[in-house]
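After this come two complexes, each holding chain A, first together with chain B and then together with chain C.
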Partner chain A sequence: MSRLSIEKPWQRWLIRFGVFVAMAILCVPGLWVVLTAFRPNIEVLARPAVWIPQNPTLDNFARLFGLSSAQQGLPVAQYFVNSLVISITSTLVAVVIGMAGGYAFARYRFKGKATLFLAFMLSRTVPGVALSLPLFIIWARLGIIDTSFGLIVVYMAINIPFTIWLTDGFFRQIPVDLSEAAQIDGCTPWQAFWRIEFPLARSGLASAAIFAFLTSWNEYALASQLTRTTASKTMPVGLMDFTAQFTVDWTGMSAMAVLIIIPALVLTFIVQKHLIAGLTFGGVK
Partner chain B sequence: MAQVRLEKVSKSYGKLETVHGIDLEIAHNEFVVLVGPSGCGKSTTLRMIAGLEEITGGTISIGDRVVNDLPPRARNISMVFQSYALYPHMTVRDNLGFGLKIANMPETEIKTRVDEAAEILGLGPYMDRLPANLSGGQRQRVAMGRAIVRNPDVFLFDEPLSNLDAKLRGQMRVEIKKLHQRVQTTVIYVTHDQVEAMTLADRIVIMRDGNIEQIGTPSEVFEHPVNVFVAGFIGSPPMNLLDASVTGDKAVLDDGVEVPLPAGCNVREGQQIVLGFRPESFAPKGHSLHGDAGALTLRRVVAIAEPLGTETILYVSLGGMDVQGKMLNPRVVHPGEELDFTLDLTRLHVFDKAFGRSVRA
Partner chain C sequence: MATDVQVLQRPTLSEGITAFFRSPRAVPYLLLMPAMIVILAVVLVPLLVSFWTSFTSYNLTRPDTLYNFVGLRNYQRLLGNDEFWWAFGRTFLFVTITLNVEMMLGLGLALLVNKITYGQRALRTIMMFPMMFSPILVGFQFKYIFNDSIGLVNNALFDLGLITQPIPWLVDGTLANFSIMFAEVWMSTSIFAILLLAGLMALPKEPIEAAKVDGCNPWQVFRHITLPFLMPFVYIAMTIRSLDVARAYDMIRIMTNGGPAGRTELIWTLMTRTGYQNSQMGAANAMGYVSIILSIVFTFYFYRKLTAARTFMGGAQ
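And then the complex of A and B:
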């Protein structure tokens, strides 16, 4: 450890500078989007570019929700609701099924277990877009094109293998002894699960949930194929509404991008403490 | 009253049978230790009694009830695991009270009983800590406390001391013994350590390959092992076991040394036998446990001497093998020194070679 610690101040500053440069390069585009969301259109088009908004405004956001005097006919509120409904539903289902599946893989032996697990993992290697055409045709025949349900099913299919894989790992870390001890202490297997194993796997489930939510919330490629109208369009798809035939409404698009980022950011912060695993250490040995 | 009875209990995993129809009867308040090398089926047997493992055949009863198909929670047992299996997200207090809470006992009574258990085990100062913040010995105590608060019919211990260092192991062994004297419950204790078995047990059950080899009090299995396996397993240092053949009323070792057999041995002329004697029965003249009367004197060169303070273990060659002798009240012995050793003939063990069974009357 001591060998790796950096003793000299100038070395420390060099590293800090390097990190700053790298982070700046990484963050500038994102920062630019956020700044653009708060500036009037005239600043966007200015040459040379105006870095810090001179006349910061919330007008772009107001416009999105139709609160501004300059009316804009975009149903962003509806997109937001669609995104929430689709992401939350698909996440809940994926976590519940993933938890059950992960527990089964971690605790039980059954025929074809290894093959099934491999199949789940292989399904993750197929890029979703590659399936968009067959999906489109099948969904169209089933009549679930442009419905929230259609998209929820797709996101569940994407997320369930991943949540199974993740929760399997977490349940494996919890010694079987704990459940057995609880059953000797008077629990049914069901009670032992909910009172002992579930609380210990909570951090794993939280990370599974956040990954699933972000996947659904951010997904664009499939949603752009399978949604058509306000009935099911999600926020990322809605972003494209800002491009017209000859113009692009950069401020509106940026404002909406900020709206997409915020829930993801907030959720990550809330769940952050659960992401720190290690609660199970100490109970055994 | 909770006696435990196993009748023809067997366990198979697929085609592989690991416990072969064992019979065992354990009396109320008895402390029984199942001991044997790893893979002998002792832990499986314990887990079948606990209900954590289904039984393939036979009957297990606790008290007057057949418990074959009862889940663990309905058997009124408690178990201390090798890993302790404390609930990591609960404080010591919650760990101790968990079983009572599940049983819907009123809070005030839970508190009384948890405090009582904590008192017995000296856990008072640690009640609000999480298991992660306890030492090995403290965790061990919490695991025992969790077992006693429920006031079970039977205590099951699955190698509870094997994660502790040698010194702590000795202390906890004494505590377990005290605990048993205090709470007076039937105890079934699994270990691979024959010292634990000898010191704790009312009766020892020695297992090998899914069979019971011998059941008896510590002194019975020590003094009268029924076969070569038990003879070699119980006792430290282990019993010396030498191949020999019967000639008249003597056993002839591989190096030609003749040892008179005790009267009443069920052997025939020329039979291949295994002659056993404990290191305590083989010592330099004047240093043996039971005196030199009725002993065979053999002059031998000491190959290695291991001084242990109150005794010295001596290695000499006999019957083509290295045998160990135990010298009590020792003097300094140097390797290469030639001494008169006495072999206590009254404490010889004789086994037939083919089946390993004791043939001594």
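And then the complex of A and C:
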């Protein structure tokens, strides 16, 4: 590439400057929220503005977990546990079911294949808000509103189509010959799948799992209607506890925002290589 | 191909199933069965309920109205409702503008980052940053940053001496629309940038070299070689994005919740207001159907483009 595009020095600096500005725009909002999470409330409201935190504090986090004597003790720990349980369970089930589906699409020809694939994709298109209306009615009649189970089932359905899409692409990358060779050598098809194809598709499955987890972890539209109390409220829904009609607890919300972003951040860094591969290979090839 | 038949012929499954389910033809269907059941129960059946409800005067406060069939009245009222048409038009405009801006900025960013030789991996990591954010967090973040009295933007403008009066980013109708679009673009440009960058990295060098030898200028190379090659990646990004256009709801819910005075009301916020706050589930479901069709049309369009591009790529390789 570099041999083809020989830039003059000023062009190179222009490119670097452009990249710098773009990255700053992507980073600053998040960093600002993180900084706010460690500020006392007075500093946030101060005028003229205080740019660099003068008295960094962990009070906001202590407040979230009811460790500080000051005012509200929101059940954030409970929200966090709910979020973890709901996201992890729905992810595991969605990946197993989606993997079976993706394998079927990648390895078999059958009647109605293209239509079925499109139907799965379109089912994912239904906006969460629109789906929440009938789900609210049905779940209420079934008595599973405000339960973790109710939300887990919904998140499974949301994540299965995308998992099918990703795993289909990954299985198609693996030559059929490998599994066939293993079977000639005496493996059953079941063994051949688990010993040959599954390990090769592992990175694809990892990225599918991460996407599913992030979707469940971050989802708000459905959770906000299908949960009511600490029994099943998730972190994104809990974030709204901080807003009253005219007042917003900025520091408390920022601290909670940090709690929401940390697990997502850690996971994404671990598998970022697979994430991009998953998206592009699943799509093009 | 069909050698994996025995996989599902374990004794437990073969019990009481018909000849079809014993035949090799059944294997893909069996593999897809769990997925189909889940989608059926959580998406298809609710959509049917929703469809039925949109023809009733169902009100949450009076459960028996679920069986009160009113024909097309909900839809007729929607068509004659200015508030709905404003929300619909605004939604369409919102989606069109943000998708195009995201696509242009994403392409620009991918081209820029592609020119950087040192530290590209780190840049890619930074670009993934907004993708991990929950839309509700993005909304909160920009609600805070665009706040007129304590927000980052106004604070910076004050300290630079550019303004003396706070700019009401989320209180003025036009500015509020700008702010929610800014937040949406911030959240989703990365998807385009990352996928297009992956496309640029996979770009074969020979055609470009050949074109340069033949005397093409950089613009011609971009227009006739780079861009056509990137198109499948554009469609992947568009398909992935259009799957999720409605997640803007979360963001707007926390930033403006349709305000000020309904000036940022999109079809999604209007729907929840009608359904949950005013309890008019029938009317809300009618609106829901309009939004579902809107989303499906968007996705279907890009998906068709993607499959077309995919076969084209397959033929080229």
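In the analysis below, the second predicted complex is superposed on the first by the 260 of 285 C-alpha atoms of A that agree within 3 Å, B and C clash if a C-alpha of one lies under 4 Å from a C-alpha of the other, contacts with A are read in each partner's own complex, and residues count from 1 in each chain.
Note that in this section a contact is a pair of C-beta atoms (placed from the backbone, for glycine too) under 8 Å apart; a residue touches a chain by one contact, two chains touch by 3 or more.
Quick caveat: nothing in here was measured; it's all calculated off a predicted structure.
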item	value
Chain B versus chain C as contact partner of A:186, first or second or both or neither	first
First (chain B), second (chain C), both or neither touched by A:178	first
Contacts of A:15 with chain B and chain C, given as first, second, both or neither	second
Touched chain A residues, chain B compared with chain C	C
Which superposed partner A:196 touches (first chain B, second chain C, both, neither)	first
Touched partner set for A:89, first chain B, second chain C, both or neither	neither
Chain B versus chain C as contact partner of A:57, first or second or both or neither	neither
First, second, both or neither for A:78, with chain B first and chain C second	neither
Which superposed partner A:126 touches (first chain B, second chain C, both, neither)	second
Chain B versus chain C as contact partner of A:48, first or second or both or neither	second
Overlap of the chain B and chain C footprints on chain A, listed as residue numbers	180, 183, 188, 279-280, 283-285
Residues of chain C that touch chain A when the two form their complex	1-7, 25, 27-29, 31-32, 34-35, 38-39, 41-47, 49-50, 53, 58, 66, 109, 112-117, 123-137, 140-145, 150, 152, 155, 158-159, 186, 190, 194-195, 198-199, 202, 205, 208-209, 212, 218, 232-233, 236, 239-240, 242-243, 245-247, 249-250, 253-254, 268, 271-272, 275-276, 281, 284-285, 288-289, 291-292, 295-296, 298-300, 303, 306, 310, 313
Complex interface listing, chain A residues touching chain C	1-2, 4-5, 7, 12, 15-16, 18-19, 22-23, 25-30, 32-33, 36, 44-45, 48-49, 97-98, 100-101, 103-105, 107-110, 113, 116, 118, 120-138, 153-154, 156-157, 160-162, 164, 176, 179-180, 183, 188-190, 192-193, 214, 217-221, 224-225, 236, 239-240, 243, 248, 250, 253-254, 257, 260-261, 264-265, 268-269, 272, 275-276, 279-280, 283-285
Chain B-touching residues of chain A, taken from the complex the two chains share	175, 177-178, 180-188, 191, 195-196, 199-200, 279-285
Interface residues, chain B side, partner chain A - complex	50-52, 71-73, 77-79, 81, 83-89, 98-99, 102-103, 130-134, 136, 146, 150, 163
